[in-house]
Amino acid sequence: MVLKTYRQAINEALVGEMRRDADVILMGEDVAGGAGGSGEDDAWGGPLGVTRGLLSEFGSDRVLDTPISEAGFIGAAIGAAAAGLRPVVDLMFNDFVGVCFDQVVNQAAKFRYMFGGQDQVPLTIRTMIGAGLNISSQHSQSLYPVFSYFAGLKVLVPSSPYDAKGLLTSAIRDNDPVIFCEHKLLYDMVEDVPDENYSIPFGEANLLREGQDVTIVALSRMVHVATEAAAVLAREGIEADLLDPRTTTPLDTESILDSVEATGRLVIVDEAGPRCGMASDIAALVAEDGFGHLRAPIVKVTPPHVPIPAAPNLEAMYIPDVARVVEAVRRVVAY
Amino acid sequence: MVLKTYRQAINEALVGEMRRDADVILMGEDVAGGAGGSGEDDAWGGPLGVTRGLLSEFGSDRVLDTPISEAGFIGAAIGAAAAGLRPVVDLMFNDFVGVCFDQVVNQAAKFRYMFGGQDQVPLTIRTMIGAGLNISSQHSQSLYPVFSYFAGLKVLVPSSPYDAKGLLTSAIRDNDPVIFCEHKLLYDMVEDVPDENYSIPFGEANLLREGQDVTIVALSRMVHVATEAAAVLAREGIEADLLDPRTTTPLDTESILDSVEATGRLVIVDEAGPRCGMASDIAALVAEDGFGHLRAPIVKVTPPHVPIPAAPNLEAMYIPDVARVVEAVRRVVAY
Amino acid sequence: MRTMRAFEERMHVEFAGGGVPGFVHLYAGQEASAAGVCAHLTGRDVLLNTHRAHGPAIARGADIFAVAKEIYCRGDGLCRGRGGSAHLHDAANGLWAANSGVGSGVALGCGAALAARTKGTGGVAVALVGDGAVNQGVVSEGLNLASIWKLPLVVVFENNGYGEATAAEYAIAGGSIAHRAEAFGMPGHRVDGSDYFVVSESVGTAVSRARRGDGPSLIEVDVPRFFGHFEGDAQTYRSPEEAERARRERDCLVKFRESVISDGVLEAESLDLIDGEVAHLIERVYTEAKAAPLPPDSEFMEYIYADSH
Amino acid sequence: MRTMRAFEERMHVEFAGGGVPGFVHLYAGQEASAAGVCAHLTGRDVLLNTHRAHGPAIARGADIFAVAKEIYCRGDGLCRGRGGSAHLHDAANGLWAANSGVGSGVALGCGAALAARTKGTGGVAVALVGDGAVNQGVVSEGLNLASIWKLPLVVVFENNGYGEATAAEYAIAGGSIAHRAEAFGMPGHRVDGSDYFVVSESVGTAVSRARRGDGPSLIEVDVPRFFGHFEGDAQTYRSPEEAERARRERDCLVKFRESVISDGVLEAESLDLIDGEVAHLIERVYTEAKAAPLPPDSEFMEYIYADSH
């Protein structure tokens, strides 16, 4: 094992699967380093450096720079997937799903069902989520609740380099359309990541910490905020079960319900919006199927219902932080 | 008062507001009856007959047939709204928001906030929701939970002709972007509707029936399914408080919480999807803010997580029905 | 072409009588387009259909019984009753259904063409698109993509004069779809879609070009639409004479018959024979389709994910 | 133009030093485009900006202090710190910010133009769009809409050769944006964007046409981009010589200076004087912007809805 960044882990999953299966191709804006220019090819690796080196190894038939036509190239990726390739598409910021939403939620998600199971659409869409870079409300959203609304999609929210590599590997091998949500503040996070390929199954939550007083469910970058909060709480004698679902569709409802059965208390920490979001989704699950074990209100720690501001101070107010999680847990424990 | 259909009620709201305010304009596919053809103008009134007569009265400067370019004409409507008009746009099926999602959730919703309150965007988007016509998964969705995810939008789900007229009138007078969701199975519903203009405020639930045993919250067409269910239950001695929120943003959280405080039980009946949907949203609200009053699990009666099939028998299984609501209520009352 | 026509004329009657679920858009009048396209396609090619789907599905060689059953949403319809009239999909025969929004066949077709090239199958993709759908952004995006990647794609715009009720002349800037070809750096032509031979020749050239690896083409096929946009459409927006005149003057079946007879290719008797056989077939198809059972309730939750069936 | 240039060169330095929040895209090299456009706009007109926003905002006459403060996300920035560098919006001065996705200014511009016409203000809308953004579907949709509705809209494509790292020559089928004008039934020209007078003349013609009610036009303005796509971009995808050559040969400020001096319109001294004043102004602007306070925390939840403030 070697320390690797989230960025490297993603790159390794791509390389690994492209070596393993010649049907895996890559498409997206600048993923080949910017085609047609007067400089070097493949020196850039896209806005995030994630795809560097792939063009050189796999060639321009398998690593395709696209025009700024998300509906066009995601539609093309769906068609290519239905015709036997396994495209991995880069959507850059998940906010841009706005310009290709029909392709994602109406075409990719429903292609199999609507035609009675004739086809499969092994498509992976990699896309960046999350606030924290002061780039305002159209480049900072976390839209996995919206993706999770639609049957036919699978949705992943890896919170660490290890999970990113394993889940992306599974996504590429999976025969359904998968949205792989990379949090933009995690790219430089480092962790031990094996060199070899490995896969992590969907729908299996990661139990990061065990405790009997409260269940904390946290997603994506909020896992780290919740981890810190849990450490603070432990010093006060409050022990939390900390769960990272890792995938929102399929969702590991069993682990969540089992944990709440043991603790009787649930706090959900999520950076996505408060209305019809993942926090609501999980709270509603437990309020129906785990009600008998609940000993306190289910508290959701999310941003308020507001677009995301650019200004650093306001953006910091937007994103849930350790203090808010600690306060929420104290409240439910004291209930 | 005269009996009028939902369709007529919508037409009257449009006529009323267009007479009242010269800034109100109408745009959409075939809303003027189909421009450029060899036949009559304005004889059709769009796919639903809702806009018939408007071209003749208000002229082609105010009633504009558009090409099939939803992103283009909704973008234009946003621009026109920011520049002082009050456009009412017809999106036909809400599923088509796929091709103009960026305009709706990134542009219209954020135009005011992102620019620090300089502008207002008095835009109304009328669109059809709902299953029941055997037209499969891309023409039958109910996407108001997705709209409700985004701060900056207001979202309306009128369940009757009376509400449709009053809420559409309010929508057109409102200074923010409003999504007005018309259920396609309600167009022929009739009810007493005043001839004169009237408006219904947003965020005020309609209490359709009072009871002490259980709170039923139902939306859009499900209000009628729940009404029938409540009648069945009343014969068994179970009395339900039946609430129709009418608008999902803003949501009348107070009325819902007050009712649950009195009944201790909550069943939510919604035709939108089960994941990150309105049923989850309302359940999560109550599991947090009304927990102390809850005496039973919160039960969600929604379709399963599946695209919508065309076949009549399967579609009937998809849509929540009276039997499922009755069963759910019996269950929570017996808990 | 006769099969497509007879299928639709019967559908028109059946729909009026009730019992056909959903919305139905008839292809009658446009048959030479689908026939002219499909004449050049082989098993490895993909045809991307529109919502006006019955004719092209039949022309592409999908089982006509399964086509009818899908329109009736039956369990052994092409898509097991999940899709219905507008979504006739037969993957094994290289027929892909329309997905709403309209026009997305161009993008999906880019993908099918890309896969064919990457895998070296020699296949091409042909996307059918309406004159109304040409104004969807994804169509422009797809045309551009096909052009810069030189994909083996042919985009056939079936211009029947209307997108629903709105006239193509009103909705399309510059008045011509073929015009857009040049903007996107590909050859484009406008052809008379009431003449099977004209369509077929034009498509043949474009398909060969694509197969050779020389990139995409665009063809605008001018066709009449004999019925309304969908069944039940009162067609207030066009004069009754317009459709009548089209039936009189621009019927591809009449033109085909005249042409093959005068060229001595076929005799009137053999054509009549075919028409008679078609009539029998259509009768059997409708009888069987209407009698077929709906999909089993028990399979409601299948086919969502690849591992869910 | 000097103010725009000096603003960006200073920004380049400030960004490298840290302290500028978010992403920043510099306009240096492209100034003749914004200047040439804004020369023809009055208060009732609307300019739709791109994400490369600083230059056009300054050219449109937005308060340069408020521009800088917005880039620094300060409380009295143009958008009270909510938007940042890419979203410079000044409604009172007819400046509308870019909204991502790129290209949507064309659609929004159709609306501004429609409102101007409906209300009879005599205003026009001018949308700036990049060469990369031309391949967004909404751009085609907007061009078509503007054309069939004959809207008072001018679409100016600033072709700086790259959309991020991808070359326009690679991404644009047919190689030319101006080409697309004809497809959408409007006049279109490609002009040298390093020459202020050429841009201005072309825009002038298009704006007059729009004001007369004769409909939209398209102008492709060829400009060099002196810095990277955004600040921090290592620009591996283009040769260092390319940008150097552009600075040497296609600097609109140098060309402007030479031209006005040789035509006897202005003297070198007055130009130098202006440059000196600009340098002082820029110093003050940056000093003030950096010292300005962030927006008050208490206003976090304001400006969402019209009745929420």
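Quick notes on this one:
We call the chains A, B, C and D, going by the order they appear; numbering starts again at 1 in every chain.
Note that a residue touches a chain if its C-beta (ideal position, glycine included) is under 8 Å from a C-beta of that chain, and two chains touch if they have at least 3 such contacts.
These numbers were taken from a predicted model, which means no experiment stands behind them.
A centroid comparison over C-alpha atoms places C as the chain most distant from chain A. Centre-to-centre separation between chain A and chain B, using Cα means, comes to 30 Å.
Mean C-alpha position of chain B lies 35 Å from that of chain C.
Distance between chain centres (mean CA atoms), chain C to chain D: 44 Å.
If you average the CA atoms of chain A and of chain C, the two centres end up 39 Å from each other. Contact of a single residue of chain A with at least two other chains is seen at positions 66-67, 69, 71-72, 95-96, 98-99, 102-103, 106, 110, 113-114, 136-138, 151-152, 305-307, 309. Taken residue by residue, chain C touches two or more other chains at 81-83, 87, 99-101, 135-138, 141, 144, 148, 170-172, 304, whereas all remaining positions touch fewer.
The touch graph of the protein chains shown is complete.
By the touch criterion stated above, chain A contacts chain D in their complex at residues 29-30, 33-41, 43-44, 47, 65-72, 93, 95-96, 98-99, 133-139, 304-307, 309-314, 317-318.
Interface residues of chain A facing chain B in the complex, by the touch rule stated above, are 71, 95-99, 101-103, 105-106, 109-110, 113-114, 136-138, 143, 145-146, 148-152, 249, 251, 273, 275-281, 283-289, 291-292, 294, 296-300, 305-307, 309. Taken in their complex, chain C has these residues touching chain B: 21-23, 73-75, 81-84, 86-87, 99-103, 132-133, 135-138, 162-172, 234-239, 241-242, 294-295, 297, 300-301, 304. Considering their complex, residues 135-141, 143-144, 147-148, 170-175, 179-180, 182-186 of chain C touch chain D. Within the complex formed with chain D, the residues of chain B that make contact are 23, 25, 61-62, 64, 66-67, 69, 71-85, 87, 102-103, 106-107, 110-120, 122, 151-152, 154, 174-176.
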